[in-house]
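Down below are the structures I want you to see.
Both complexes shown next keep chain A, but they swap its partner, so chain B is in the first and chain C is in the second.
Up next is the complex of A and B:
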């Protein structure tokens, strides 16, 4: 069993990433949320067999990664973690879509194109979501949701759920350690203990959540979680948002991959002659 | 910062589930009124206490004597069945709770309940942000609070990575940043090593606020508090100068306490302090 305290550390590491400073981190969270939303909508709007047309969109995660100073491994780790789900969804396409299509010199079942397109779209959106949380932080995401006019209560539930996961992991960590130290040679939790342990976990985490809420109320919490990233939306923020939106529109409505391919062919032919 | 006084008058409180938190039962069936928990024995049964502005008072008592419950009532976390609490000139009630809590800093028994964000900085900034202070003011408050408790270098650390002593100091900083007039601490020296405990004693002794400490650590009470109150059987059994109260061996024995270590004779030379 994976040590829950490591999961807790990984959980909090996202908060640590969001506290850095970079040209991306320093943008207003609303600009980051709006850009991510535009990116996700653009990626999702491509046809189900578009593959090459999606490729220019990879510029966004690459540039964001470079500007934000995040390590590629930090992003790849998350994409790899999500990959079983991504592949499970994408792998169904070749089973149901068997019509043949020509791809260059090969003839394939059209389902393989759908499979590649779904996998690319999911990888792009998972990357964008991670980059958003790692640069704006969960507080920034909540700020973006509020700017999108989502009700205060919905945003609060979102933030509290995020915090509750941390609290739950910390309780799981304590219970798992207590069990492991008295479990002897047995591996894992026996079926007879599942009920009591889950019930105990629920009650413990409920009690703890109550105490945490008391601590918040004692410090003036009124239902609005203030993350401290509430500065004004400046010119740079607008420029960041506009530039990326323009690129996404270009990637969606212009055939950038085709143009690049034709240009490369032209250059290659010129070099050969 | 204005130090406020505190006035508790004839407090009666019983937990709704009727769970008895004390070991010695007072006359629980004397309560008037209806409700399912009418017969539940009260944890506090007429406790009264007055604390002058700027005073440091230790609330002492055996396990289950109602110390934490009393602090919860002061902070408005529990509503007494009878009796009143005044924080300065504010009578604590539902309508005045927010104003009363602005004057009150409550440090929980378990610092993990108080540290719920991803960094010490965010936790210490939580109260000032809720008070609507500007980013510059919040930063100033946070830096000042962390400097007061001696952990400015831990600002960016995630709280779950801190040692017990560091967590305790961070928890105190989270309330100091709100500039409270009264500081209420529940078992502040629990699980601290001697050096961290000594540091805590120095810190608490030097604070200008009114300080109320519920503790089993009678030596800490002796070092920090000019006055001490002993809770027993739901009432304040004794209240007065710390040295006089803690020097009364018969009283301590009757209330299930042992004399502070510092009042005993030296184990090596046999001399008394």
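Up next is the complex of A and C:
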């Protein structure tokens, strides 16, 4: 909080990633949103103890990452940041599901399969959300939502939630400095001041947001952001969406992992004999 | 409190999405009359404020865990329940997209848990009833504390129900409730304190803000048809949840019963459990419901029908009862899964290399 410029830079860094150009970035945001939705539903629809059947789905984040030129570390950081609470719940599975299961040559409690399955689904779905905002950006997601016929007001408030964080943080830094200068040797904000500080922050931010809104209205802002990237939904966009959806369906309904394993076994036996 | 996609089934997630969209549509209709150029920036600021509040985790003494505020009651008190619900929806959308806090499929559940119970239950039925006209400080304080605690308790219970209905984890109901409710009681108390303090200050300094927007529109101003919309949304949610029970809970119930029987009276239970498992297998033969499912189409190590059933049972957690399973079949699942992951990574690397090569040749 002390250095809002750094907090802000981190907050808006994802949006900066979306300003690049790549075969993924250049797709219509509706195609990106639809593909992400299909992926998340597919990943979540796998059963409680599916582990190996989930693995082919990793093709999507891996290829999208490579196609879009994003750094794997950015994605990994996001997955790690999102995991602790969910993994804590997943880690309880081996305690409550004790029935033994044989996995290849090993025997485990079936809870370990549930645990691994939750961890994989977490990695997949968090990656998908990151890849969506890092390629479509806030503006792209908002365009996707508008294309899905969401009311202008809802999309506007959604965008303002994101953008006004900057406004709020700059008010926080102003108030923190003012308090520091008046507080003398005391450290931290006393309990009696919490209400006035938070309430004051709200009122100050609201005043400023009102001025920003008025200024935008005077320049002709009618609630629609026009990004200049509003190309039509083309054949490539449709192909992108269709190809991935077909792959997701294949991964869901065909046993790709099993087929690969059997093929490997067949080749290994052929080589041995 | 934010649920993730990893713990939710499409049926439960979809049902909650339907309910949330229905309530949002109703809220939008109800709030349209009083949303003007002054209120839009206020909604943005309030949403950004709650968003920031949700990012700050505080530790809960004595539990070793931490929590963050929900903020639904504050939104309802300042924006009114309808605009408050819409603002909560946008807060959680930004959380899900930019911070991976709460999943995209679970978004409906999250908005319902954090927005519906606070804006439409705790605010009108508890907060406004106790706070009255807002003249008494003590009543305001009590109203905020009680409403915040109640809203979060209901939300936490929603999380428990939705998670268990999804069937992605086998946490016992009692243990899960005992885990969630006390922690959210502690968070609710902090939330009540913060909400009461902020509202008290705003009431003192800028009462117009509360009176202008916190008051819900009198029912007379909204036409009767809108009640039908809310009724439909609630019905949709009820049907969705009911359906999802059948969609996800029935096989799980069988599975659970099977595991219990196989874990209990071994020999007598074996036959029944075997039959139940065979039934499941025939019903799900074309779906890879279990990652390590064997295939009867195995080449050289062909499994007989009985073995396939046994192998299926094994994945259901009854390996001890049928030790005759062919390890090779399960192994093919493990090996195949690893290969799929490896091939995916290779495909990614190949695309990356091709792109880099293309960029170099363009710059050369």
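Just so it is clear, the second predicted complex is superposed on the first by the 234 of 273 C-alpha atoms of A that agree within 3 Å, B and C clash if a C-alpha of one lies under 4 Å from a C-alpha of the other, contacts with A are read in each partner's own complex, and residues count from 1 in each chain.
By our rule, contacts are C-beta pairs under 8 Å (C-beta built on N, C-alpha and C of every residue); 3 or more make two chains touch, one makes a residue touch a chain.
It should be emphasised that the depicted structure is a prediction, and the values quoted were computed from it without experimental measurement.
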{"item": "Clash-or-fit label for the pair chain B, chain C on chain A", "value": "fit"}
{"item": "Contacts of A:220 with chain B and chain C, given as first, second, both or neither", "value": "first"}
{"item": "Which superposed partner A:19 touches (first chain B, second chain C, both, neither)", "value": "first"}
{"item": "Inter-centroid angle chain B-chain A-chain C after superposition on A [Cα, multiple of 10°]", "value": "110"}
{"item": "Partner chain(s) touched by A:49 [first = chain B, second = chain C, both, neither]", "value": "second"}
{"item": "First (chain B), second (chain C), both or neither touched by A:100", "value": "second"}
{"item": "Chain B versus chain C as contact partner of A:256, first or second or both or neither", "value": "second"}
{"item": "Touching partner for A:212 - first (chain B), second (chain C), both, neither", "value": "both"}
{"item": "A:162 touches, of chain B and chain C: first, second, both or neither?", "value": "second"}
{"item": "Least C-alpha distance (whole Å) that remains between chain C and chain B when both complexes are overlaid", "value": "9"}
{"item": "On chain A, the residue positions that both chain B and chain C contact, one per complex", "value": "14, 163, 167, 212, 214, 217"}
{"item": "Chain A - residues contacting chain C, complex", "value": "11, 14, 22, 36-37, 40-41, 43-56, 58-59, 62-63, 65-67, 69, 78-79, 81-82, 85-86, 89-90, 92-93, 96-97, 99-105, 107, 110-111, 113-114, 117-119, 121-122, 125-126, 128-130, 132-133, 141, 151, 153-154, 156-158, 160-165, 167-169, 194-196, 198-203, 205-206, 209-210, 212-214, 217, 252-262, 264-266, 269"}
{"item": "Residues of chain C touching chain A in the complex", "value": "4-10, 13, 24, 28, 32, 35, 37-38, 40-49, 51-52, 78, 86-87, 89-91, 93-94, 96-101, 103-105, 163, 167-172, 175, 194, 196-202, 205-206, 209, 252, 259, 262-263, 286-295, 297-301, 314-320, 325, 327-328, 330-341, 343-345, 347-352, 355"}
{"item": "Residue numbers on chain A that touch chain B, as the complex places them", "value": "8-9, 12, 14-16, 18-19, 137, 163, 166-167, 170, 208, 211-212, 214-222, 224, 226-228, 230-231"}
{"item": "Footprint of chain A on chain B - complex, ascending", "value": "75, 77, 98, 101-102, 104-106, 108, 110, 112-114, 116-119, 122, 125-127, 129-131, 135, 138, 156, 158, 160-161, 174-175, 178"}
